[in-house]
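Chain nomenclature is as follows: A, B and C, assigned in order of appearance, with residue numbering initiated at 1 for each chain independently.
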Amino acid sequence: MIRTRSIELETRGKGLTEITGEVREIVRESGIRTGLCSVFVLHTSASLLITENADPSARQDVEGWFERLAPESDPHYTHVLEGPDDMPSHLRSAVTRTSETIHVDDGDLTLGTWQGLFLFEHRRHPHLRRLRVRVMGELE
Amino acid sequence: MIRTRSIELETRGKGLTEITGEVREIVRESGIRTGLCSVFVLHTSASLLITENADPSARQDVEGWFERLAPESDPHYTHVLEGPDDMPSHLRSAVTRTSETIHVDDGDLTLGTWQGLFLFEHRRHPHLRRLRVRVMGELE
Amino acid sequence: MIRTRSIELETRGKGLTEITGEVREIVRESGIRTGLCSVFVLHTSASLLITENADPSARQDVEGWFERLAPESDPHYTHVLEGPDDMPSHLRSAVTRTSETIHVDDGDLTLGTWQGLFLFEHRRHPHLRRLRVRVMGELE
């Protein structure tokens, strides 16, 4: 059994937005009890990340670290036509995830106590981001 | 056909622990001949990595490099309540894997000659880590 | 329904080689209309990456950035027997992907406008690289 839904999300510029709730809702509505949930982001300057969702300071530090790991100011970049935040966006996406696979059990996502699924926007300005959520498995 | 098992693993602090054998055993016991094996770690300060499993020096260098990539001593961190090794743990997890998908053929994991699957503990102290292994596919 | 094909690719040394077309062809030939396509690279010194496939300068900057992130000249490496480009290869593989999961819809890969799937060769010299492509889903 396969169920698929799209998510459209307007981001507010750089940063992590938790989407665990939206994906969980899609899984519950699918009726699938046991299987896999595959989330895929259709962009190369926004990505997915499963990380700590309890303490906002952890999220802040994740954002700050990626800012330093692939900074806007790197003079090595040649791909600069779309702005100083474009190339770092591709790099930050490259080391996080385009797709994530989460187990579905009892009709729900199986995550650890502190795990949340986030959309990671890497561009400065707000963007409309499209994601696909596919649930494959058994109804009973 | 879907088969699922949990793995509990007591780590000894920071470092890579190979779990290829444990996962392989679960795949064999599942009876599934052809399909996918999805491994998921239920934590945000330990992660998964497929890397060279022949030479221990490669593993050592991987561990050392991540230590420098996201060092404990970074004064930028604000999320420090749980100790100096907590925030780097989330960062190292962010750039490695929470889930990994490996093909199953002839009832066994399909890996390259030098590939091993590892649990990557990022905290200083021993932790009990929980992983889920799900095999989906055909019995014959 | 499960369909599997192998890809063998002779790389020309370090760099990104787009394989979207090859994988797309395998998906189309599979006859599967809706499902998941799992691509797996059987090596620890070459990896997978979904990134911008329109502007070659973006690709160039990705390659350059990984060269700086895990440089050949790092005196910390102890795993040096196979050459100065071997250990950085494992590190660059560690932070990109060994497997990638892409949705299949209407018998084709579902990718964003600018997304391409690439094999990322991390060794200096040409290598014969083996990948597996598995399509799981429904024929209608």
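Please note the rule applied: a residue touches a chain if its C-beta (ideal position, glycine included) is under 8 Å from a C-beta of that chain, and two chains touch if they have at least 3 such contacts.
None of these values were measured; they are calculated from a predicted model.
**Q** Is the contact between copies chain A and chain B built from the same residues on both sides or from different ones, judged by whether over half of the numbers are shared?
**A** Comparing the two copies, chain A and chain B contact each other through largely different residue numbers, since under half are shared.
**Q** So if I superpose chain A on chain C by CA, what angle comes out, to the nearest 5°?
**A** Copies differ by a rotation of 120 degrees.
**Q** Just the number, please: Cα centre separation of chain A and chain B in whole Å.
**A** Distance between chain centres, rounded to whole Å: 20 Å.
**Q** Pull out every residue in chain A that's touching 2 or more other chains.
**A** 69, 95, 101, 136, in rising order.
**Q** Once bound in the complex, which stretches of chain C touch chain B?
**A** 2, 4, 38, 40-44, 69-70, 74, 76-79, 81, 87, 90-91, 93-95, 98-99, 101, 130, 132, 134, 136
**Q** Please name which positions on chain C make contact with chain A in the complex.
**A** Result: residues 34-36, 49-52, 55, 57-58, 60-62, 64-66, 68-69, 95-96, 100-103, 105, 110-115, 136-138 of chain C touch chain A.
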